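Each of the next two complexes has chain A plus one more chain, namely chain B in the first and chain C in the second.
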Partner chain A sequence: MVAKALKNFFKRIFSNLFSQKRELKLGFYGPPNAGKTSLANRICKDFTGEEIGNVSKIPHETRAVQFKEKVEISYKGKTMTFKIVDTPGIATKIDYEDFLKYKLKKGEAKTRAKEATQGVVESIKWLDDMDVVVVVLDATQNPYNQVNITIIGNLVARKIPVLIVANKIDMKKANIKKVEAAFPEYDVVGISAKYGKNLEEFYESVFKLAKRV
Partner chain B sequence: MSHQCVRCSRIIPQGSKEILEGCKECKGRFFFYIKDEQLEEINERIIEIPAEQRKSIEKDIREMAGITDEEAPVILDIESIRVTGEGKFELDLAKLFRRDRPLIYKLEEGKYIIDLASTLRVNLKDLKEIRNPDEDEIDVRKK
Partner chain C sequence: MVRKNLGKIKGFSIQFLPYSEIRGLTSAQRIKKILDIVLANNILLIQGRLEADEESRLIEDTMAMIKHLKNFKGIELAVIGGNDKEGIFGKMRTGLVKAIAGGDLGAVTIVGPATIVKEIKRNPKKIELLLKK
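Let's look at the complex of A and B:
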């Protein structure tokens, strides 16, 4: 009886040790300019002191998958290790003319469009490798669109746990309720990656989700 | 209104049991509504390639993809990326998310590019090499 209890005790300790040591792959997915890199930067900066990539007002700034390994996130005394994977924005249409209004030269804009297209393909290829995915949406935009539904639908089909982040809540036009209404079956956390608003709730949700893996 | 499976992009007729039970092919339970006029458009796209061109396009694709087996099926009426002009791309996400289909770029009628890396299912580690698919990666071949 005692031996059994002791065995169970050690088993629990060891499994806890292993589960903490295992690096979970945490992917950031979503449409362009939603704030995936801003959020990934904030997390990486808070826990490693380094950022993951550049951010810009021009859509499709991230055109290649970028990642940071062994990011130890601590929240309320608990620590989990993640591989943070920041992906290029997923879009159904990429047109170089959309970049011209940001004062990009024609040639630069065309290259950006080409790289952005390749980036979408790369994002999707990495999806199968993810343990947990955070879908970052711009809360000032209409959440009902093909990109969001396709991403979330495919995550569910692949049985990858999803957390939806409604970013940019610092902006007047932001509407978390609309995002919640669009995806009622998922946990939706409203944050501002730029100003670091409501990140506690975000970490709590990530930890909750990571435990399910 | 008909539906399209978000996961495998199959068109499912209106009122089908599959909407309740999940897609027959991939068991997906997410569907887009397809308006009748959109459906017409989709159907039109499929017959876009005239029968007489099919053979030569098929030959090109076999060459590009390095398929030597004449019997191996090549699907002609799918394209995951349509190039509508220089620096202008339309992406079919439902098709891109499918794991069992090669990545096909369509430039214009009769011009296709198949991403060999995705066709041959490279490791994620090798992905870096297919970045920047400039002139050397995108091999434009006329029919």
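Let's look at the complex of A and C:
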């Protein structure tokens, strides 16, 4: 852990010295079905015209890390360049039978479960490479989930700046106050990735966070 | 032998693991010990909490096990108590306790097999362990 922190520290010092306008790796982490890909798609579509990946109601739609390089995000006359990294949802359990409820065939469900387990491992491995991370949570769900706490704990241990996004605020059950109460030490921005609601505040927070790198 | 019975549950037990039993172990050994107990269909209460990187390693190893063991669906994990939101004096006190005892002993970590534990609902003031029928 100490070696990793030192490595990251020196990496940041050197990249700041030799590159005035480097590309920051902006990771999207969180539990499955929180809307990580929806948000990454929204950003990529707004600033590059292309989406990053497919979205679905079935959990674990993203089963491999997907990224888009050189995404220039402009906000209030300022521009920053990011590598957008969309990661598979992190979970502690994966049961192929859960996918059968979405009318997948048994074989498809088993393959999906197998790929999803690999995706979780891949997400965790990529943590070391991130410069800034947006933790996307579903504002309609209980935020006191150990996966959320584990992800944030790992980011703090690696000294990676974190922004918490409470997604799906367009839904009746959404409770942004509960998310804020669960993580009082962090900035929480409520958005709807699906309808593009409150993205201005999101971009402002991302820029603020990126300056800390 | 116990692993063959995963998924055919007739009962379960709750096992307590005092911190003294894992204090001297490496991270890999701790995680192996935890998963061995959980794979034997036990709900495990651990005194203290794992480090952040140990928790993520536990998730990684759990995923590898799901891939390789037929009836293993994963784990439910929760940490209660501990010293997440304390002030500066609290942190100093915790640091001292940690230095003497070797871990955050104010916390309890609950790990259970997903075949038995449906959900661990955690709110700030209470914890509910929902079991599968």
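We adopt the following convention: the second predicted complex is superposed on the first by the 193 of 213 C-alpha atoms of A that agree within 3 Å, B and C clash if a C-alpha of one lies under 4 Å from a C-alpha of the other, contacts with A are read in each partner's own complex, and residues count from 1 in each chain.
The working rule: contacts are C-beta pairs under 8 Å (C-beta built on N, C-alpha and C of every residue); 3 or more make two chains touch, one makes a residue touch a chain.
For clarity, every value in this text was computed on a predicted model and none was experimentally measured.
Taken together in the superposed arrangement on chain A, chain B and chain C clash. When the shared chain is aligned, no partner comes close enough to touch A:R22: not chain B, not chain C. Within the superposed three-chain model, A:Q118 lies in touch with chain B and with chain C [touch as defined at top].
Chain A is touched at more residues by one of its partners, and among chain B and chain C that partner is B.
After overlaying the two complexes on the shared chain, residue contacts for A:K105 are found with neither chain B nor chain C.
Residue contacts after overlaying the shared chain place A:A64 against chain B, while chain C stays out of touching range. Legend: residue contacts after superposition of the two complexes on their common chain; A:P184 is shown touching chain C, with no touch to chain B. Of the two partner chains placed around the shared chain by superposition, chain B is the only one that A:D129 touches, whereas chain C remains out of contact.
In the superposition on chain A, A:K93 makes contact with both chain B and chain C.
Contacts of A:N154 after superposition on the shared chain: both chain B and chain C are touched. By the touch criterion defined above, A:N145 lies against chain C but remains apart from chain B after alignment on the C-alpha atoms of chain A. In the superposition on chain A, chain A positions 90-95, 113-114, 117-118, 120-121, 124, 127, 146-147, 149-150, 153-154, 156-157 are in contact with chain B in one complex as well as with chain C in the other. Residues 51-53, 55-56, 59-60, 62-64, 66-67, 73-79, 85, 114, 120-124 of chain C are the ones touching chain A in the complex. Within the complex, the chain A residues that touch chain C are 1, 90-95, 113-114, 117-118, 120-121, 124, 127, 142, 144-147, 149-150, 153-154, 156-157, 181-182, 184-185. The touching residues of chain B, when paired with chain A in their complex, are 6-7, 26-30, 32, 81, 86-94, 96-97, 99, 103, 115, 118, 124, 127, 130-134. Those residues of chain A that touch chain B in the shared complex are 64-65, 90-97, 109-111, 113-118, 120-122, 124-129, 146-147, 149-154, 156-157.
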